[in-house]
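Shared between the two complexes below is subunit A, which pairs with subunit B and subunit C, respectively.
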Partner chain A sequence: MMNVKELSTKLEYTVFALPDPVAQVTDGYTSDLLSDVMGNAAEDSVLITIQAHRNTIAVASLIGIKAIVLCNGRMPSPDMVVAAEQETVALLGTAENQFTTSHRIAAALGIS
Partner chain B sequence: MRYCIDLHNHSCLSPCGSDSLLPAVLAMEAADKGIDMLALTDHNSGRNLPAFAEACEIVGITGIFGLEVTTLEEIHVLTLFETVRDALEFGQWIESILPRVHNSARLFGNQFVCDVRGTIIEEADLFLYGPADITFDALIEQTLEYGGLAIPAHIDRPANSVTANLGFLPDLPYSAVESIAMPPTVETLGYTVTQGSDAHYIEHIGRRRCFIESASDGFSGLRSALAAGAVSYLGF
Partner chain C sequence: MQTIPINTYNSPTVILELIYRLKVKDVMTRSLVSVPLGTTMRAVQHLMREKSITGVPVVSDRRLLGIVSMDDIIQALDFGYINEPVELHMTKNLIVLEDDMPVSFAISYFDRYRYHRFPVLSKDKALVGMVTTRDISTRLLWEINHEVENLERMNQSTKVTDGLSRDIQSFAILKHDFENAGFASTEVKKKLKQSNVFPRTIRRAAIASYELEMNIVVHSNGGRITAEYGPHEVVITSEDSGPGIPDIDKAMEEGFSTANEWIRSLGFGAGMGLPNVRSVSDDFSITSSPSGTTVVSTIRFSDNEMKPKTTKDPTKENETNDER
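This part shows the complex of A and B:
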């Protein structure tokens, strides 16, 4: 278990929104299909994706996902950042791809 | 004759559509902007089509009755029909294969079904954004088999488009492909290209349109014009 601020600092992510730095994350989920995320991701997860738009925040909020890491250097749309603040979801970014991001987060959370 | 067409618009039924975008408002505004043939294409549902049909009749434009279906691959496809009945039947089938998820109006927006006056008849409970349990290829085939027109939506958009989600445009018997930019910035492989407003707010109505050369402003005229590539664009 780790909070989103610690995770972001440890893995040197770009911070787009960090409305609740101490929100705890316990698991991760990697997917670029939001319907798959909606059906299968666990709450308190960090979502690893390239879907850099507002609907991703809505899905995250519905499930109770605490943080989103946008991979491959994708930049969030301005309304995505606003929604992340409103829905209290941390929005982070990295130049790394989904595979690398997933195994680094798993290692950081001690679940690899 | 040259007719102005706009085949992609939402109403207050779509969760992402404005609550003020009533089917009758769409028809009135579009008629005012000179559109002769107008489609309502809410996400995965045809429940506002009866009100839309009535409104088109009143303002004297040709209503095209459709849905914007989300496929398993989360690709958006416009499916268009000649009659409200056909579109409603197709829409019921699409709704039956959507994930059984309740809408959260706070997160996604309201899903209002209304009559021609804008009175709310019901609020759709099922989350209508999709995806339906059907592949892109199968949806194209089913739509055409059903007598409809199948048009992959906004193929030049970075999300929910065939180009973005599959990485290429498969060789299938599309009725046309829709592009936001004109000329298109992605490969269209010689398919007829249409432009539509994709209106989610009143101020979007009529923002994109194109023109067909056709003997009539009916559905069969539209079908023939798209098949023949008899389409022209503003500024081209």
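This part shows the complex of A and C:
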């Protein structure tokens, strides 16, 4: 378990929004299909995805996802950043792909 | 002066929402008749007669240089320069609209200036369409019709439930409105949170309402999400105005989707929406015809938070209330 601030510092992620730096994350979920995330992601997860628009924030907020990591250098739309602040979801970015990101986050959380 | 009898500041809210939500590109005519530099006024006159139009843009490399109006042609005939090229006599002082502007802008332009049409440019200044008052009124009438339909439906539902003194929330959902998607489910979640419902139950209700909301946005012509709160459960109903699901059994299969490429690129259309709703619901029913689809999901407030609902119970399959 670690908080989103620690996670982003440790893995050197770009920070787009960090409304609650001490929110705890305990698990991860990797998917670009929002219904799949909706149906299967655990609460307090970090979501690893390339869906860089505000609907992703809506999904995250509804099921209690605390952080989103946008992979492959995808940039969030401006309204996504605003939504992340409003809904208190951390929004991070990396140039790495979903596979590498998942593996590194799992290692950081000690669940690999 | 041509005006549209709708003002952009104190019309009814439904109308204001419409004229701010609709963009110029939603109402404009895209099939353009234009002429290049060097065309004679005479050729434009023939073109106007042939295509029954009253204004022709002069375009070079997608850039708008001027417009030849019926009035310019009459002048050319009067003064004997009908065989000269358009660049000498076209109207060059043009007022243009941008395709991303809200329709309210276009309406106020028609009020302010006496032109019958405005050329529409894209962000990169290319000519992409023309808009007339007729284009706007046609589209507005179409949308207003749709709104009235929704209002009628909402009135009916209030009447039916009036006597029950239950708390009801109702949300209109528009087709392809990804901007506001998630609003209804967020409100449902808030409401349940205030009532101290267990987090796991709230999550189930949030999933059901979100998926139903997205289904309306992605697949329907628009519709409504209603949440009725009782002491022991919340009933989430999704109703839309078509086009209906041709094969409900298929739609209930995980992974089956009719969404197009564009929708999929946004991460929707995974074919898990309805299966997700069913798996989080205690009671689930779906009916569909070309005039609309109705889905009812009941989520009961469990007394025991630690008793998680089994996500995939095969016995549930037979309970699907399929009333096609």
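What we mean here is this: the second predicted complex is superposed on the first by the 112 of 112 C-alpha atoms of A that agree within 3 Å, B and C clash if a C-alpha of one lies under 4 Å from a C-alpha of the other, contacts with A are read in each partner's own complex, and residues count from 1 in each chain.
FYI, contacts are C-beta pairs under 8 Å (C-beta built on N, C-alpha and C of every residue); 3 or more make two chains touch, one makes a residue touch a chain.
If you're wondering where the values come from, they're calculated on a predicted model, not measured in any experiment.
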item	value
Subunit A as common anchor, with subunit B and subunit C clashing or fitting	clash
Partner chain(s) touched by A:S61 [first = subunit B, second = subunit C, both, neither]	both
Which of subunit B and subunit C A:P21 touches, first, second, both or neither	neither
Of subunit C and subunit B, partner touching more subunit A residues	C
Subunit B versus subunit C as contact partner of A:G39, first or second or both or neither	both
Partner chain(s) touched by A:G73 [first = subunit B, second = subunit C, both, neither]	neither
Clash with subunit B (superposed arrangement) - responsible stretch of subunit C out of 19-27, 37-45, 73-81 or 109-117	19-27
Doubly contacted subunit A residues - partners subunit C and subunit B	33-35, 38-39, 51, 53, 55, 58, 61-62
Residues of subunit C that touch subunit A when the two form their complex	178-179, 181-182, 185-186, 189, 199, 203, 206-207, 210-211, 214, 266-268, 270-273, 275-276, 279, 311
Residue ranges of subunit B in contact with subunit A within the complex	73-74, 99, 101, 104, 107-108, 129-131, 159
Residues of subunit A defined as touching subunit B within the complex	33-35, 38-39, 51, 53, 55, 58, 61-62, 87
Touching residues on subunit A, where the partner in the complex is subunit C	32-36, 38-39, 43, 49, 51, 53, 55-56, 58-59, 61-64, 79
